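Which chain is which? They are A, B, C, D, E and F, in the order written, and residues in each are numbered from 1.
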Amino acid sequence: MTLLWIALLPLLGVLVPALNAQRSRMVCSLATALLPAIALLLTLMQIPALLEGEALRFAVGWLPELNLELALRLDGLSLLFNILIMGIGLLILLYAHFYLASDEPVGRFYAFLMLFMASMVGISMSDNLILLWLFWELTSLSSFLLIGFWSHQSDARKGARMALTVTGAGGLALLAGLLLLGDMAGSFSMGDVLASSDRIIADSRYPLMLGLVLLGAFTKSAQFPFHFWLPHAMAAPTPVSAYLHSATMVKAGIFLMARLHPAIADSELWTVVVSLVGTATLLYGAWFALFKTDLKGILAFSTVSHLGLITVLLGIGSPMAVLAALFHILNHATFKAALFMSAGIIDHETGTRELKQLGGLKKAMPVTALLTTLAAAAMAGVPLFNGFLSKEMFFTETLKTPVLGGLSWLLPALATLGGILSVAYSLRLVHAVFFKPAREAPPKSPHEPPHLMRLPVEILVVLCVVIGLLPALTATHLLDLATQAVLQRPLDFKLAIWHGVNLPLMMSVAALLIGTVLYWRHRDMRLFTRQFESVDARRVFERFVVAIGYRAEQFLAAFEGNSLQRYMTLLLSAAFVMGLIGLVQVTDLTGAAGNQPIDGVVILGAVMLIFGGIATAATHRYRLISLLMLSIVGLFVALTFARFSAPDLALTQLSVEVVTMILLMLALFFLPQKTPQESSPLRNVRDILLAGSLGLVIASLNYAVLTRETLSISSFFVENSKPGGGGYNVVNVILVDFRGFDTLGEITVLALAGLAIFKLLNRLRLFIPHSDGEGRVWSPDRYPAILTSVSMTILPLALLVSAFIFLRGHNQPGGGFIAGLITAVALILLYMARGVEWAQERLDFPFQPVAIMGVAVATLTGLGSWLFGYPFLTSSFGYFTLPVVGEFELATALLFDLGVYLAVVGATLMILANLGKVTTAHRPVPEQTEKDAETSSNPTSKEPR
Amino acid sequence: MIQHLIVLPVVVPLIAGILLLYQRQGMVRYKRIVSVVATSALLLVAIGLLNQAASGEVTYYALGDWQPPFGIALVLDRLSALMLLVTALLAVGAVVFACGGDDEKGSNFHGLFQWQLMGINGAFLTGDLFNLFVFFEVLLLASYALLLHGGGKARIQSSVHYVVLNLAGSSLFLIGVGILYGATGTLNMADMASRMAELPAEREGLVVAGALMLLVVFGLKAAILPLYFWLPRAYASAPAPVAALFAVMTKVGIYAILRVYSLVFGDQAGNLEALEQPWVWWLSLATLAAAGIGVMAARDLRLLIAYLVLISVGTLLAGVGMRSPEATSALLYYLIHTTLITGGLFLLAEMIGLQRGKPGTRLVKGRPMVQGSALALAFFIGAIAVAGLPPLSGAFGKALMLNAAEGSQRLWLWTLVLLAGLASLIALSRAGSTLFWRSHRGHLSGRPLPRCQWFGMAWLLSSSLLLVVFAGPVSDYTQAAAKQLANPSLVIDTLINDAGGTQ
Amino acid sequence: MELLYAITTGVLTASGLYLTLRGRTFPVVVGLTLLSYAVNLFLFSMGGLTTDGAALVNEGDGFADPLPQALVLTAIVIGFAMTAFVVILAMRARSEVGNDHVDGKKEDRE
Amino acid sequence: MSLWVEAFISLLLITGGAFVFVGSLGMAHLRDFYMRLHGPTKATTLGIGCMLVASMAYFWSIDGRPDIQELLITLFLFITAPVSAHLLAKTGLHLRLKHIDITQGKPVELRSEEVGKKPVPHPDKGHG
Amino acid sequence: MLSIALYITLALVVMALLMNLYRLTIGPDLPDRVLALDTMYVNSIALIVLLGLWLNSKTYFESALLIAMLGFISTVAVCKYILRGDIIE
Amino acid sequence: MIRSRAWLPTPVFSLLLLFVWLLLVRSVAPGHIVLGGALAIIIPLLTNRFWDARPRIKKPLLLLRFVLRVLGDIITANFEVAYLIANPWRKLNPHFVEYPLMLEERFTITLLASTISLTPGTVSANLRMDGKSLLIHALNETDEEALIEQIRERYERPLKEIYEC
């Protein structure tokens, strides 16, 4: 449970500054520091237990499907890292308290910092691979926020994005790698993984896994060639750089390599890849550190270099190398954090980090100068400082590496070279800033910072010295525990300053001497280096991202193309392919049932339909003619339904056909009357082929189904229509009873169409043509007199017919839908014959409520069955006898059908009449906002229906 | 009432719609109250149903008291209950958000919204193939109307593509249903599934043709690769609450694929088992690739989110294409996450656009926003979640998906999912830093946003955290749902064999 | 007869599809309408072709399969609603964009 | 059904068919639109009328009770057919369709000098 | 006898419909086509009546009634379209 | 809004509707008479507002005679027209005639125009907007005056008498 608190406290700490952001900075800083301090204390309190060899674990289940547990461990390695993370974190907090300007949102900064700390602690304590990955990515995110903290600076934004992209990409690779690793080990639990080294290394996927995991580690730890984000992350406020880029985040990659060391490091592949990459990084970073003119730039590249050093050690992987690596982790954290903070102080006090504006600061800032010098000495590996110890161990290990065979001299040589460069840039750093006279004046006149701001540096420098002088006393236990954790067994070692005169010592001495000379001559080499400087990683990266975006845009424009014709082609092609795949599996196209004999009327119908269809397509450029041709199809489809025993369908099709015609003509009025010739002949041929092929496939499927016996559930409907549904017309009983739910949906669709169309007609700007397609002026006779009188006569008859069709629907062809359409069409005839103005006066009910009422009636009918304990839409019917009238049937289905009727009338009128009205004074008004409508007390006469 | 619970997800929005649509204008308060109350009621119903389904039993509701396969039956299993809940959660966020002012930009918003919910819920519940068509049409037509809410050229133009393609799709749907009916003689999916067992060989080809035609239709709704083109512009131009609700629309297509093929073409289907699998698998990967490119190319936040939706479609369909209970479970978890988060992001985009004023959601420099910090925080959370980064649900979903892949599937899925994730990461960091960091100096722009909008957006985005905290229970549920889905005989027995075939 | 019926459906489908591939909205709408007619015929025939025997249980004893008929009826209604919407959408699109190209990009050449 | 009734029905049917045929024949082969209009308006209407009467007679004789439902269709046709024809003629005149040369009388609509060449927007038609 | 008469009538009606189709196709002008279509509607009433006699059923009566009614309205609409463009004004 | 107060504004018309209803349902069962009667009352009430000027039949008997005469004319006329059409050697003399109208009511003009269209060789082609004259197309007519006279005497006068006097 303590472990959970250790991990949790920093996380809770995120809230503290966020909640205290409004208070004074002092309160805010202190409050923020509280929780991590407790967590650090708790961590330190575990040391005795660890020393006794206890395994500290905590686990609760989280996502078993992913084998993910909230599993924490505290072993030596975690201990080392926790101390670094929280210890240095607290110092950074103190430092930042002074560093940030008074108007900067310190609460937010602390919150980000705590988030980062929490995720680092999480990484260090994770006892589950997936959990580790979660925290891993969280560090990328929080570092993104921290680097971009000064978001008004373009450098900060770009640096942050670059860091996020690179480490995020690495994180994704790491996820893949860890999933593989877990799969190979059979568990995501760290303990299991660490114990399955043999299995893992024997697995054929090992190289892939290793590559992915190392990709994660290398990007995070800024290893060559993924180092380029780190220098640009220096756009962050210095406390961030000091924390993230010296002590913690970049060490996450190192941590990962150390953590997984027992599981995956026992192979040559590991040694070769890791030490080579490490070496390259070591040298590359050191080289560029020597020539940077930005104080933090130097530190950034030196960090890259030192991370390379640690990586080399982990690559070598011998017990002592591991020890050295861990030791250097500790040492680097101390001196580099100190150096960053000093750099921050200098920047803070002088207003610049450019070397050419700095110089001779030892007078103004003697204490800082001293501290910096000491820390730099540690970095350079000067004896008596901690850096010396670990670096010498590094040299020792490079001499022992067995892998490179005949080239075994190479690694020590390169290591020495790294040492030389390291001495040179350390020297340069100190000399140029404090001792050499400045070439330009800095923006601010420098003086010593507040003492408390320097305090963290002082503590760290003292640590450098103390560890350097008394390694056995200060670091042994910690390193012992950490090494045990990495090696999974105790290691017998002794830290000492003096090992006698040996080759490593010689290498150190050589590095110191040659490094000094090198600094002396570094100007010459700078000329040589200049030619590489034009390659600015960030610019390359930015350009790369922009180029990718641009290419992506180009690709999409070409690929998607915003062309409906293309999309339709794809859709139809897909349908064709799919249908064809089925069709080729149909062994015998003509099924057992075969063909029925053909007769003349059927041939006539087929001729009419085929002709009508082709003519509709062929005349499509003359739109009205095309519509007339479509009408043939509509009529003959209805007749086909009649011919094949579907009177209800014939009726429906007929009424819909007429309404569709009216509708299409209403709309065509506002559209061009002809279609220009646009498609190339080739395209036409292609379209005809595509349409024809799909048509052929569908015809074949149709034929195949038609010539097979029908095996349908329909006999049930026929049998139950009268006894169960109370109607003789099975189709109608299906519609209002067996499948009344479909019908309810269907009238909802119809009402929705009316509503949607109302929306479309709103704020419609019209192109009203003054003449027809041929340029003829319209006839002046708006309402031909003969038509008007006939429409009067037809309306009552039509209503009567409508009532007739409605009432008999249950037993004979008919029903609410057809009746509704007849009513609607008759009313539309009135609109056509008499005009909107006239009809409006007489049809003064709004259409929308009618349509909705229809749906409501149908729904309520369905709900009524609940009262009797039956499911929704259960129908009932009964026979009643009245005097005079005699026996008659009443069915709830009739009520349901009434709903259908109302919905159809309302919706059809909403569609047609509203569309017709757009050219008149009664057009749907530009939609007011509902607020306006509420406040305006007098509804206008132009209220749309 | 409790025995009618299954039909309530359809009936509640239907009645709410009726109440809301009866009067077209005015009564703003009344309409908002009705709409929010109805949606909340829907949420309660969905929770109740989830509870009911969690028992592991498949239950059904025979509409009109006509037993399956003759009448239409609503089928409740773990999957449909989950989809209902996700929809209800999304709807609550969207509808509250809309009360912040979007509902007044045109007529009938709330009514149409309710009916859209009715269509979606119906599609999730129905056990009948033709009824599925009907509900598809309900939800489509409602979506057409809602897409146009507020008007504007971009909306109209993107609607043309969306509508025409879907109309053609509806025709294909009817053809597919027709062939399946002609070949099997039934419309009830469970009945159809049970008939697959003794399907005569001469009908197999027909069934294949019908099933694959349907796959084209579902693929169109789900927005799989050669058929996704309608999506980006339509989603990007839709009004925010509508776009948010649209986040579940592609899932309807995915649901349909999952439902129809796992039930009808399950292990009882013999030769025809998993006939959709190769198509779904390979095309989903291609979708992922295209969506990743789209994410990189998007120059507008809404368009970016639309492509993120597409990434989720690709990922989910890949899960469908893996056709294993593990993958199904993973995809269900991912589906909850992605639906709610992309929905929330659409809302957030609208808020950002509102505050930025003229530049809107275009990724260009603008003035700093009045509520910039809060919006930035929300964006950060949403972006993390949607990009699949820890500690939010996207990371879990992605990890589950990747982990569910087996053997050679891994190579493809991992590469594409991870690359798409990287593309999202790059694009989102670019978008975020442009919107919130790269601003002109000068006056703050925008008025404070309505509380409703904050609530709606936060409601959806906060789900991500809950999904993380309760990852275990959620994944237990999805695992059980996946197992249930992998065993079609459960549904067949309940609906067909045990019901006895007569009323 | 079945062959002729199938050919008819196929031709109607093909004609409708050809029109849906055109570049202007109105022909596309006409094509969709034609397509829906064809699809209705297709769906209708899935219960077989019965030349005498409407599904009225009080008349005669040969029955056409009533189920596809009910489905087609629903499909006709829905098809009508959709056609109505899309044609008015086309009209609206023309008023917004100034031409009736399906992508709204080309200049009106009339 | 008695032979006479059957004969009567058959005669009516064939007469009706013949009229229907002639009506369409006129529509197909006469030489200008105005002439073609005559066939469908009269002959076809009467033809359908005959067939409907035949149908009435048939069902009357079969069911044994008066069945004059079809009268309604006839009624509808007789109301609507002339109106359709009228409107079609009006349309033809509006479009100034050519008539054959031998036609006597020249209605206003077809006199070329009455209307200028350029279309003049009708005063009724505003901009909407 | 009746069936022979039915055949003859059917043949006449079919020929009439084919002639309608002919006129509808060749036009030459819009009103010709509209006229042809209108006639086609009316002639199809004949088809329905004959079908009823053939099947000995009155099931299709309403179809004929509807064709008579709706064919008219459809023709009115097209005429109005040609005359005025705006059919509801 | 135009409302009518009477519950049975047009008894004759209602009777006609009842008759049509009984035709439709093919039954004279009491139930249908009740239902039809109800509809015959309701529908005129609903549609009454659509009649701007309801024509009144002054002389019903004359109307009956007129109807019979027209029916007879239709039949004879159709044989005539059929002959004209079917005989390819017959040379036709089409003729446009402007017919000056005596009738004033729109409804009666419509009746006249319809009658003209249904009867021998004539189609009413256009009613002038002022309602003063009717353009007639005759299929085969040489004597314009005779045609006008025939229409006047045979149809227009009776109509005038039946409705308008």
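Going forward, a contact is a pair of C-beta atoms (placed from the backbone, for glycine too) under 8 Å apart; a residue touches a chain by one contact, two chains touch by 3 or more.
Quick caveat: nothing in here was measured; it's all calculated off a predicted structure.
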item: Neighbouring chains shared between chain C and chain D, ordered by label; value: A, E
item: More contacts between chains, D-E or A-B; value: A-B
item: Reference chain D; chain at largest CA-centroid distance; value: A
item: Chain B and chain C: spacing of chain centres that average the CA atoms, whole Å; value: 28
item: Whole-Å separation of chain centres (CA-atom averages), chain C against chain E; value: 21
item: Length of the line joining the C-alpha centres of chain B and chain E, rounded to whole Å; value: 48
item: Computed distance of Cα centres, chain E from chain A, in Å; value: 60
item: Multi-partner residues of chain B (at least 2 other chains); value: 130, 134, 137, 141, 144, 160-161, 164, 168, 175, 178-179, 181-182, 187
item: Per-residue multi-chain contacts in chain D, two or more chains; value: 18, 23, 25, 37, 39, 45, 67, 69, 72, 76, 79-81, 83, 86-87, 90, 92, 94-95
item: Two or more partner chains touched - positions in chain F; value: 20, 24, 26, 110, 113-114, 124, 127
item: Set of all touching chain pairs, with the criterion as stated earlier; value: A-B, A-C, A-D, A-E, A-F, B-C, C-E, D-E, D-F
item: Parts of chain F lying in touch with chain A, wherever the complex brings them together; value: 1-2, 13, 17, 20-21, 24-25, 29-31, 34-35, 39, 43-44, 46-47, 49-51, 106-107, 109-110, 113-114, 124, 127, 129, 131
item: Residue ranges of chain C in contact with chain E within the complex; value: 52, 54, 56, 59-60
item: Touch list for chain F against partner chain D, complex; value: 20, 23-24, 26, 74-75, 77-78, 81-82, 85-86, 88, 92-98, 110, 113-119, 121, 123-127, 135, 137, 139, 142, 144
item: Residues of chain B defined as touching chain C within the complex; value: 130, 133-134, 137, 141, 144, 153, 156-157, 159-161, 163-164, 167-168, 170-171, 174-175, 177-179, 181-182, 187
item: Residue numbers on chain D that touch chain F, as the complex places them; value: 18-19, 22-23, 25-26, 29-30, 32, 34-35, 37-39, 41-43, 45-46, 67-69, 71-72, 78-79, 81-83, 85-86, 89-90, 92-93, 99-100, 102-107, 109-110
